[in-house]
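Shared between the two complexes below is chain A, which pairs with chain B and chain C, respectively.
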Partner chain A sequence: MRFSRKSLGIPYAVFLVIFVAAPLLFLFYYAFTNGQGQFTLQNFTHFFTDPNTLGTLYYSFSIALVTTLVCLLLAYPTAYILATSNLRSQSVILMLFIMPMWINFSLRITALKEILNVIEGNLAMHPFLNAVVGMTYDFMPFMILPIYTTISRLDGALREAAMDLGANTVQTFLRVTLPLSVPGIVSGVSMVFLPAMTNYVVLDMLYNSTYIMGSLIGSYFAAYDWHGGSMISLILLAMICIFTLLTGNEEDAAGGRGGALL
Partner chain B sequence: MMWKISRRLFLFLILVFLYLPILILAVYSFTESTNIGAIRGFSLDNYVTLFTTPELTGMIAGTITLAIGAAAIATVLGTIGAIGAFYSRKNMSAFISTLNQIPVINADVVTGFSICVLLVVALHISKDSYIPLVAGHVTLCAPFVFLSVMPRIQQMDSSIYEAALDLGATPFKALTQVLLPQIVPGIVSGFALAVTLSLDDYFIAMYTKPATFDTISTYVVNATKGAQTTIKTALWALSTVIFVIVVLVVLAANIRALRKESREGGRRAE
Partner chain C sequence: MKSRDTIIELKGITKVFEDDGFKAVDDFNLKVKRGEFVTFLGPSGCGKTTTLRMIAGFDVPTEGDILLNGKSIIGLPPYERPINTVFQRYALFPHMNVYDNIAFGLRQKKIPGDEITRKVGRVLELVDLEGFERRRIQTLSGGQQQRIAIARALVNEPEILLLDEPLGALDLKMRKEMQLELKNMHDKLGITFIYVTHDQEEALTMSDKIVVMSEGRTQQIGTPEDIYNEPANAFVADFIGESNIFNGMMTGHLKARFCGGEFRCVDDFEEGTHITAVVRPEDVEITAPDAGTINGLVDSVIFKGIHYEITVLSGKNEIVIQTVNNARVGDRVGLRVHPENIHIMLAEDHTNLFYADLNPDFRLEYNGHHLDTSLTRIIKGSKRREDGTVIDANGDVLEPGRVRILVSIMPDDIEMTDDQDAGLIQGTISNLIYKGDHYSYIIHTELEQDFVVNDEDLWNMGDRVSLLMPVDKMTFTLKKK
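And then the complex of A and B:
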């Protein structure tokens, strides 16, 4: 057979089918069957009727929402100041804000935990606060980067034009810069919101024993309940798909997670 | 003036928030203290423990081996996949790109759990074979390599490849000697990205690893639940070592960019 570049796509397509598509199909199978392999909707109805799992969903949303807001309130001014400053070595200073991304998250949370321990005395007293602080600490670089990128790509002439036409600094920001930086905000929000619903290790490490969506999968995994765990995975997957479609953000997801490397 | 100072101050405070915990831990890692608070005498014990305890050195070596191994496989797969997808018919190309996007946007908990369900639960592949773990990490990393290589192929001048063929090169030779060299930067950054993703992963390893194997993430998470003080403070040393390595790597990677920037800055000043 003649070698052609097209055929190079085949091994990767096969790989994706086996390790990406097939696992998801099996999630469907396990989610809608019981231990005897019979079809059932029980896992599905259980999630949406049990007060415990609904409480978990609510708690996940609360933590994710507050974390995202706090991240945004801290990251936006950071990105804005950086992008509009005339600092000589802007890219180096940006690097300082991104670098924590590359330090193992469990070690960073350990460090944060030791500090919070000293400040709070007893970590177990402030579970919600700890979770939000921990996730903000962990995820903030992922919010700063896309907002910085968007603002720094804005044409400075737009701002100058607004000023020339009589807008003051605040008006220029509210009417010009902020609306134009929405794509960066959306991208940053999706980089923070979804992990905040699922990354239960941050809670575990900071002595918050309340479940979030990710913890449900962890607990089903620990109990060898593949059916229950698959259903939660599917529900999460559905939420992620809806979120991605709403924000139209799939293109940026890689750039966000890849940090400055991509 | 006040405005300018408060802007700088804000940036500074955010940096303090991001770095203070790591730096405080770094200071304490050089002492005999077992808790943050009163500093007790200077000591390198934590570093000695870190590099002489088999459990710790084994865990670190395992993490690095896994990261480099999985990243290497992912780089080969992702690069070949990107080249293949770029030259495939539209349908095939869209099919690959769509599937490729799933692990990127999916939560790692779901990716890890689904791979465990397929390989371990349905296909009965033992976790002790390391196959689920390596497969999981390759699945996490390869899509990012794909995304890192793809723009390079798109930007490439395709007539060079055609010219090589016209001048008598076999398609394979044209691929390895003409096409590949042009996309090396994408491959390198894809590999680097894959290594960092694997090093930082907790969830996929958690759901697919053998019980006796630990990565830094799974080990640290477990250790924080235990109360073994020597291990706890040795991990402070590990955190410091990793911090220093990251700083050095980032510096090395940016020195060229920095030089260029300062040269341009100098020109502007003239």
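And then the complex of A and C:
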């Protein structure tokens, strides 16, 4: 039998069909049908009319937004200092930031819970704050890494060129480094914002009773309402797609640098 | 043009990098006149770019001072120096179009918008890219990016323009064109240019003054003619143009012995002085056998278009000749050099240089003797493969026929012995001179190669000796043919 290089792709193609394409089809099917298997747009209209769903969407959005901002504000300076210093221990320090990713997730969050418990006394008192702290802690490496990669890949001569042309350190940062690190920021944001909207496991583990989109889908499924849950998932998927399309253009505009970072 | 006063002066500049203690620049002194085109020329790692970066302000000298118009600028950051740079790979801002790139410096100076537009238009005209304002950087060719980089620097009307190997990334034809254009721009604008390159032809074509550098040190400062015709030392002679370089000794008034013969010359040094003789390939004349100063056999003839490049072997000495007359491989010929064309310079350290051969087993050989060292140790990054061949750091296989190893050994490290078979090579003492605490000998070997040997004991003229040369005292350099 002739063995072609294309054959190497078969295992993944099978995987793709079973675990990506098929579930997606089911998702579409369930989202636009009712319990009797008839086509309906009711799930869709329900999403935008049910105050409960909209409230959860709004609340998840707020948590994700604040989490992303906090991550960005902490990660950018860290990544910038790390990428522009000529520390010999650069990679070691970077690893320290990345290492939490290698420690089991539930262990980390449990540890965090204990710490917060000591500080706050009762975790139920600050659900929003705890949600943000937990998610920031969990997603921070995903923000640092792409920004670090983008900045460290920037040609040092560009900063020197800006200084050479009369820009001081601050102006150089604002006019050259920051605009050119936008692709990294976009990558980081997309890797933090959307998971932060749905990752309810973090909240559950922090004994947090707050409902976010993920928990909402979970509760629909728990009640065997595949149709409502599928529609919510589909709408979130659509939001991800729109976001990716928009930011994809943004990356092209920034010179096509650092496109696929992670 | 303004008066030719000194615009920038570098005084005793030394740069030691803190992280690895590497001395990139060592006691660099230079005065540049206003409007001059000065080129720093040298192989990579010679400190030329580091020196340029210190003028620009990106690096701070460890020692020394830089005076611009008589005032020290050591403490000034790059953005406060009236100096602009054209970077090696242009360093154009990829997120801005051509106009914004060029206007960057002007906007920094808070120049009104309409004036910026006018200046950008004018400088684009200067670099022959009118109407390119709205173009994106990514859509430009290498040559166009290069011009934009020059425009971006020139639009600020700097007192000094620094150019860091700006033509390195262009193809040969484009490079030649840009050389002339840059030279024209320099003549038209009257701005002082300081240019960095490793391309000696580029330096000779464009510069008013060339600073030849090697290993952080200035080797020679002079006009292109000076540097070419009167190289200050063997390094400059070797780096600028092609040269035949020989070790030798002064044997009398205006007489020097090198390459197995005694030549008349015009440089006067004391008898017994160790010298380096440099002869340009175009200055060697081929004569009938025994009619010249030395004889040799034609080893190879290559047609080069306007001339032939002929290699003649005289014993072990190899002489490269450029001539319009053809010769046949294997011919026995005489060689002659006009005294005016022999450049004699003091040997820096009397180092003996000779070429070792690479035998088909990739072992080093000299005079039929095996040199006990490993090739992979001599050539950085090289590896011996399982089939016995040796590859260099780039992964290319070394071909024994195309590679020679230049060996150098100091006169103090060679020992003379009566035991004729003990040494690497035998010869007769053709010259000796007392140097206060030791004698300095020249040994004329059978391969027509002269060795300089220092010894405390007195030997006689005409003594036949064998030379012991320990391999661990030798240094090796790879030369590709």
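Simple rule for what comes next: the second predicted complex is superposed on the first by the 237 of 262 C-alpha atoms of A that agree within 3 Å, B and C clash if a C-alpha of one lies under 4 Å from a C-alpha of the other, contacts with A are read in each partner's own complex, and residues count from 1 in each chain.
Going forward, a residue touches a chain if its C-beta (ideal position, glycine included) is under 8 Å from a C-beta of that chain, and two chains touch if they have at least 3 such contacts.
Computed from a predicted structure; not experimentally measured.
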Contacts of A:F97 with chain B and chain C, given as first, second, both or neither: first
Touching partner for A:T45 - first (chain B), second (chain C), both, neither: neither
Contacts of A:A157 with chain B and chain C, given as first, second, both or neither: second
Which superposed partner A:N34 touches (first chain B, second chain C, both, neither): neither
Partner with the higher number of touched chain A residues, chain C or chain B: B
First, second, both or neither for A:Q171, with chain B first and chain C second: second
Residues of chain A that lie at the interface with chain B and also at the interface with chain C: 88, 253-254, 257
Chain A residues touching chain C - in the complex, by the definition given at the top: 86, 88, 155, 157-158, 160-168, 171, 175-176, 179-180, 253-257
Touching residues on chain A, where the partner in the complex is chain B: 2-13, 15-17, 19-24, 26-27, 30, 74, 77-78, 81-82, 85, 88-89, 91-93, 95-97, 99-108, 110-115, 117-118, 137, 140-141, 194-195, 197-201, 204-205, 214, 217-218, 221, 226, 229-230, 233, 236-237, 240, 244, 250, 253-254, 257-259, 261-262
Chain A-touching residues of chain C, taken from the complex the two chains share: 19, 56-58, 77-79, 83-85, 87-89, 91-95, 104-105, 108-109, 137-138, 152-153, 156
Residues on chain B engaged by chain A in the complex (per definition of touch): 7, 10-11, 14-15, 17-22, 24-25, 28, 35-37, 77-78, 80-89, 92-93, 95-96, 99-111, 113-118, 121-122, 135, 138-139, 142-144, 146-148, 170-172, 175, 179, 189, 192-193, 196-197, 199-200, 202-203, 206-207, 216-217, 220-221, 224-225, 235-236, 238-239, 242-243, 246-247, 249-250, 254, 257-258, 261-262, 265
